[in-house]
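Take this structure first; my questions come after.
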Amino acid sequence: MNLVIGPLLPFVALAWPLLLGLGAAWPAWRERALWVLPAAPLPALLLAIAWPEGSTTAPALLLGTVLVLNAPGRLLLGMVAVIWLAAGIFALGYFRAPRKPAVFAGFWCLTLSGNLGVMLAADVATFYVAFAAVSFAAYWLVVHDGSARALMAGRVYLVLALLGEALLLVGLLLGVAAADSLSIAAVAASLSEAPLALTCLILGFGLKAGMVPLHMWLPLAHPAAPTPASAALSGAIVKAGIIGLIRFLPEDAGLWTTGLILLGLVGAYGGVVAGLLQRNAKAVLAYSTVSQMGLVLAVLGAGLTTEAALYAAHHGFAKAALFLGVGVLAATGRRALPWVLALAALPALSIAGAPLLGGALVKAAIKPGFAGWLEWAVALSATGTALLLARALWLAVRGRADAADARPAPLLWAPWAGLILVALALPWFLLASFSTLTPGYVLGLASLWDATWPLLLAALLAAPFLRLRPRVPALPEGDLVVPLGAAASAAMHTLRRLPEPTGPHLALPGATRGKAVLAALEAALLPWRRGGLLAAALVLALAWSLAG
Amino acid sequence: MTTLLLSLPVALPLLAALLAVAASRQAAGLAMATGFLVLGLSVWLAFEVAAAGPITIALGGWEAPLGIVLRADGLGAGFLVVSAMVMAVVLVAAQPSFEDQGQESRAGFAFWPLALLLFAGLNTAFLSRDLFNLFVALELLTLSAIALVAIEGKAGSVTAALRYMVFALLGSVLFLLGAALAYAAHATLDIGLLAQVELGWPMAAALALMTMGLAIKTALFPFHAWLPPAHAGAPAPASAMLSALVPKASFVILLRLWFDLAPELASPLLLAVLGGLGAVAVIHGSLLAIGQDRLKLIIAYSTVAQLGYLFLVFPLAGGAGGAQPWSAGAWTAASFHAFAHMLAKAAMFLAAGLFLRAVGHDRLEGLRGLARAMPIACFAFGLSAISLMGLPLSGGFTAKYLLLTSAFASGQWGWGLVLVAGGLLAAIYLFRPLNLMFSKEGAAASLTPVPRWEQVLPLLLALAAVLLGLFSAGPFAFLQIGRPGAAAEGLLP
Amino acid sequence: MIPSATLFGLAGAALVGIGLYGFLAHAHLLRRLLSFNVLGSGVFLMFGAAAWRSPWIGADAVPHALIITGIVVKLAGSALAIALLVQLARATRRAALPEDEGRPP
Amino acid sequence: MTAVLPVLILATSLVPALLIFWLPERAWRARAWLNLGGAAVKILLVVFLMVEVANGVTHEARLDLAPGLYLLLRVDALTLLFVSLSAFLWLMTTIYAIAYLGDGPNLSRFFGFFSLCVAATTGLALAGTLITFFIFFELLTLTTWPLVVHKEDAKSVKAGRLYLAYSLPGSAALLVAIIWLESATGPVIFAEPGDLRVLSDASLMAIFALFALGVGVKAALFPLHGWLPEAMAAPAPVSALLHAVAVVKAGAFGIVRLIYDVFGIALTAELGVGLPLALLAAFTILWGSLRALQQTEVKKRLAFSTVSQVSYIILGAALAGPYAVIGGLVHLVHQGLMKITLFFCAGLYDERAGITRIDQLDGIGRRMPMTSICFTIGAMGMIGIPPVAGFVSKFYLGLGGLQAGEPWVVGVLAASALLNAGYFLPMLYRIWFGVAPADAPQADERSLGMLVPAVATAAASLAAGLFAGAAISPLAWASLIAAGYLP
Amino acid sequence: MIGTALDLVVVALLVAAALAAVGARGLFAGVVFFVGYGVFVAIAWLRLDAIDVALAEAAIGAGLTGVLLLGAVGHLTRAGAGAPPRRPAIPLALACAGISVMLGWAVLSLPDAPGLQAPVAAALPGSGSTNPVTSVLLNFRAFDTLLESIVLLAVLVGVWALAPDAAWGGRPGLVQRVRPDGVLAGFGRLLPPLGLLVGVYLVWAGTKQPGGAFQGGTVLAAVWLLASMAGVARAPRVTSLILRAALVAGPVLFLAVGMAGALGGSFLGLRPDWAAALVLTIEVGLTLSIASALALLVLGPPERPA
């Protein structure tokens, strides 16, 4: 191994974005801080591509950091790097007059570093740190534009992220205590005997991954962020939860096997329903993420770890592309719309599993995990996905640029196109190593049909909508968050207003009376007769006792 | 040499007092010189005692029982040194108030001889082994003290002096009765000789009389009522002597009675009465101090309380407990406590005198903001407060620690609780003035300036009280010299 | 035949009691002082009587000397007390301490 | 074995203190040099001693006071943990205080007592016997009081009174406990535990309770914490001192000594006194956080946060498992670093922008960015957000709780983290996202003397977490100490 | 037997006079009874073969104290100062009776220990005096005597300190206005020479027979007082150097001799061969000082502006 891809590379990959982020704060560079964004994920990309399988350690760091690169990690690491790279380039074109570019760049880099970290971490502490970094730093990405909506979304995001962190901490503590080791592998191995730890961890990761009912931050935060950040959030950051589950789920997850599948499917369908009722393209896309992650959870529940990684990676690329697509569409005038829309539809179709696209491959890969009605349910979810993404594109088109001949700048469309390409193509190369299938399988007629009929069904269902244009009732973004948020803030309010215990009183009640009593006692001792009598009596008593 | 060392601490103040009467112009200088000379001699004597053990001289060459014997043991020499320290500083501190400005004045004439005679009486009381001689010394001491109380000449101080006088007369006549009975029964007045004979009923009566007489002179509760107005009414340097030094003389004699003369005679009732009254004094004096609104009265009531601690030595180390392992600790603690109190209380009264001079009155309210105006005096006040509260590191703490340890080791918890409660109450009454000193709001706009050197004097004493706690091993060992029944080497290694 | 020593010793004891009572019971300070002097001479008498317990070898001179000293000291105390009392009387027109008259001190 | 070093290290703050008292008010340069010089020498000595202790060399000094009563200064690993913390923070706080107080009144008094206070803390850390510990514990009380009342206004004086009203009875309880114990066992030397079994179980329990009461006052253990929030009336450097360097730490340190060096883990477990203490600490953790939530003043909120955070240390000590001990001990350092950062920042806000209430924080982040970043780091550490040091302590505490068979501890930690977030995040929110009102007072952070310490301690809090695994990290020291206590 | 009867009479008179003095209705009557009581005490001392004490008691205990008390009565009367009579206190009376009983019992149960007659007798030669009481006072227990003489001085300083500030430097006591042809004036002229003679004799005799500095000094003080009351001699100003010198001369002499002894190895020690001379010297010095101190004590502080 040469120096560049030596044992230091994983650390360099994590530290490089941080250094860039700090550099962005340098006064002279502040104005052009955004230029660091594309550069930040490059070492990580190199790492994902060129680093051999293995691990590296830094005992002085945290509680003894161990970084490891294995198959699912490498895939997701590469995905993260690519998405952030694309989003970074996109951001350069997206922000004309960026608000607080240095802060944005700084937190972008910090989030990225955390996002990469969760993919690499092999010890609990590092994982926790990275997870926290990605969770909390992303907050600044969410609230970047400073609007009331963004701040509100940010608040929900933060509260839930904290809850997630707390759950994670408890889960990790319990796990470490059960395993008596900080190694993630050891903890995972012992989790089947520690159901509480497992539950906490699943809830914590599920929260990040948009698991129902902890998904509500996602449809709020993703649309609120600037588009490149949304892409990173929905494409890469939610995968932190997925990698967590991949790393920590034990062989035998007990009840959670079923639980994950059920919750996953609820999410898969619930996300569709809730998403269809949205008015904002990015919100719809966010619900789509909830839905897709539901599927991934179900896959994980079914025990197909590597397949889940593959599915998640594909979703990452495609969803990031879709989010960027919304941005591209917004910069596109009527004239360039058709071919842009055509390109934008590709990742949507891919996610829905249209034949020959990457999505079809990953859908095929997860199929063996399910049987019976589950198989049907998973397959049918593609219909929902298709409908949802169609609505997203439709809403995005409505948000296109006003100028008829507006064209997206190269900095916008190039990364977008690149992501689409990766999303469509990568599964072809990886299918064999991440599943039991070969790419040839999806070319079979049966599987082509499997991929096609949900789309046809979707088209069938969509037709009346397109024709009749019924008034779709709107659902607030984040659905459950509205009542829950109200309840939470009421509780907080009550806590703050609890009567304060009064401070201790130094002046004792009745002190004045006590003073008077003492003074009276003193005055009673003063008269000479009394003192004299006492003295005489004491002399007698003492003499008597001494003689005794 | 030893003859001179033992006699000069008594003779020098006497001579200086006589000369001060004859040549009152030079009185202040004479007194200050005497103070330091006696201090030096006492220290020298202490070194001799430390090197060679107790030193005894027979005055005029006449041994007891015919003559009077002076003896410097650890206890006596210790008290001698500490009281000389206090006296030396107090005499310097008194100079601005009592030095004659050109023409002889009444107070300027009277103060110096009285102070010096008080000094002589004190030193005699610490050294003498003869009961009747002790009586005369106590009279010299007390009458000088009473005259000092009255030196302001106001109706209040005359009343206080008269009240003091009445108590003092009762105390001395009881003591004299006891001494007379002792001689009648055993034809000797020497404590050492009396300790060797078998004591009977007349001696029991004698001891009861002497004990009560001395207790009254030491202002033990409930015979303390004279003390606060007397000590608070005198001028500050006089208050310092009265509060710090005078009660210690009778207490030392009391110690000698019950640890030298007749340790085995002490009945449980006697120990309980002395300890109990001491305990009540601690609580009662402290509570009353809390209730006062004048600084000097607070300090004076604090003396009532602090003297109460001294009496805890009787139940803790006296009687049958005398042979117990903890008794050395308790016995020494009493002396430590007395030392610490002497230094701290003198410092406190001197500081209070400076505050009074600066503000014009000694009501507590006047103390506002003094921490800024008179930092050194306030610091001295604070340091002495620490010692009086028994907080570490100070002589007061060492004493409290030893007493507490004895109390717990001997299973007499009650006394321990009194000690702890007394410390807390002391904190309450002493932090009231301290708090005010640190209160900027409502501070007096103009103060009479007090020179820095005067503020340093109480600080010296307060520092000595603190240093006594830091270097207490030497004094502890020193106090054991000539201690009767000094078999036990303290509680534990 | 009762030895003089015993007789005067007992007399001394009685005088001490009488003097002590007067000393403690009177509010008037001059009476108190007077009683104190009675008390004092009672003490001396007891002491002196004890020195005469063996007349056949003569009186013991030591108590006599001590008594003379005591008498002078007692006089000194009385003199100071009287001077104070006179001052008090002039200042307050009272010859008693306030608390013994039921006045606040 | 030498006696020089312990005395010397004590002298590094004692001697400057004594000299400073006599400096004229205007000699601020001399004062600064004395202070900083002392602090710097102390740090050098601490480093040297660390090497010595790591090599197993013992240093101790002894001063006899009376039979059974002597001062023993001894350097062990636990000592060094505390001393190094206080030495570093002393330096920082001194720099900060010099800038903060500027040319205010009574500076010689202030810095004199300030150094004395640190000397007392050092002595307390070096104390090799129970009574030595007590002596310095009391000295600490006394030397802190003039600092609390330094401003001399009614509020400060009241705070000072309250401080003593809590502390002195606490000390009395402590003294009774110590003497009760020692009157039966003889002097208790920390490194050489005697046989406490000469006392009955009931007596031992009572002694334990009295002891915990005594040091609990300083550690602001519920319900003895009332003085701490009031003491906020003192100047910011004093708050820093109270909350991070000396006072509450002394209390927590005392609990550690009590359980590990006086009673020993075995006896503590046998008597069953650890659990009630742990429960009380847990309650304090939650109570402090809840009360912090209710505060509207920055410093008050921070004060209640301290109430909560210090009990982590006690919790760790009381649980007495290997991890719990490490967690508690390391939190001693971590809490110090983080809380002092917060107080430095609060002082900066107060001094440079006139901000004392939380609702005034709106938008201050833009005007005082460095301060606000430091504040954010501190706050994140308090919540337990990695990689700021706080999470390391919580992690070990949680593990310790589980190891000790007390899983509820984890729940307490999680709840407390959420509550911490509940009161810190709104502050951060205002700082970074609030909109400053138009009439907000001038604000800047052009005070290098105040900013540098804040940045330094913030960086240290970050580093302590980030490099927790390093050989010289607080965690490593805590583990070393814990290894000494555990079989 | 007769002795016992005589003793009983004296005792009865003593107790009666004491009761009368303590319990008298009027203040003046009380003082008169007290002086009478003093005489009985002196007689009692004679019965106990204590002539020195009897002299001292007569001169000081009854005489001078009586004068002081009478003077005080006058002052109080002039100031109109009184105090309410108080009812008898039964518990107090019982307690005092108890003390008497206790003491009586102690007297009765005294062991038959001989006193220090033998050691005194053995030490008498070379003590500087053949009167054992004087030997004890000025040699064996010289320290007591030294302190006692200084106590007088201390009290005098204390009494003077009660003077009004403005009166400082004036003459002690109130100015007496005596008619030049009055009885007092006559006495004042007649008695001093006689008194002087008696006083000097007492001092001189004190070394061999009963008598001594205190008794002699008292007589001399009385002489001076009488003379000053008669207007024959005016009291000097309190600031007078001669007066001050007279006041301290005795104790200074005493102390000087004592310290010279200390240099020779024993504080207050008298070399046997010089003892007689030294004792006499000290006696003379003390007499002078005691006489002035006692007289000034009776005169009281200066009260008129100087």
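We call the chains A, B, C, D and E, going by the order they appear; numbering starts again at 1 in every chain.
As a convention for this text, contacts are C-beta pairs under 8 Å (C-beta built on N, C-alpha and C of every residue); 3 or more make two chains touch, one makes a residue touch a chain.
All figures in this text were calculated on a predicted structure; none of them were measured in a lab.
Under the contact definition stated at the top, the chains bordering both chain B and chain E are A, C.
Considering the contact criterion stated above, the chains in touch with chain D and with chain E alike are A, B.
Centrality by Cα centroid goes to chain D. Greatest centre-to-centre distance from chain B is found for A, with centres as Cα means. Compared with chain E, the chain whose C-alpha mean position is the greatest distance off is A. Inter-chain contacts peak for the pair C-E. Computed from the mean C-alpha positions, the centre of chain B lies at a distance of 28 Å from the centre of chain C.
Chain C and chain D have centres, each the mean of its CA atoms, that are 67 Å apart.
Averaging Cα coordinates per chain places chain A and chain E 108 Å apart.
A straight line joining the Cα centres of chain C and chain E is 14 Å long. In chain D, the positions touching at least two other chains are 161.
Counting partner chains per residue, chain E shows two or more touched chains at residues 86, 89, 92, 96, 99, 102-103, 106-107, 110, 114-116, 120, 140-141, 144, 148, 151, 154-155, 158-159, 162.
Chain contacts: chain A has residues 526, 528-529, 532-533, 536, 539-540, 543 touching two or more partner chains. The set of touching chain pairs reads A-B, A-C, A-D, A-E, B-C, B-D, B-E, C-E, using the touch definition from the header.
Residue ranges of chain E in contact with chain B, taken from their complex: 102-103, 105-107, 109-111, 113-116, 119-120, 123, 139-144, 146-148, 150-151, 153-155, 157-165, 167-169, 239, 241, 244-245, 247-248, 251-252, 255, 258-259, 261-263, 265-270. Residue ranges of chain B in contact with chain A, taken from their complex: 166-167, 170, 174, 201, 204-205, 207-209, 211-212, 216, 222-225, 265-270, 273, 284, 287-288, 290-291.
Against chain A, in their complex, chain E makes its touches with residues 86, 89, 91-92, 95-96, 98-99, 102. Residues of chain B touching chain E in their complex: 3-4, 6-8, 11, 14-15, 17-19, 21-22, 57-62, 65-68, 104-107, 109-110, 113-114, 117, 120-121, 124, 132-133, 136-137, 139-140, 143-144, 146-147, 150-151, 153, 158, 177, 181, 184-188, 200-202, 205-206.
Chain C makes touch with chain A in their complex at residues 20, 23-25, 27, 32, 97, 99-100, 104-105.
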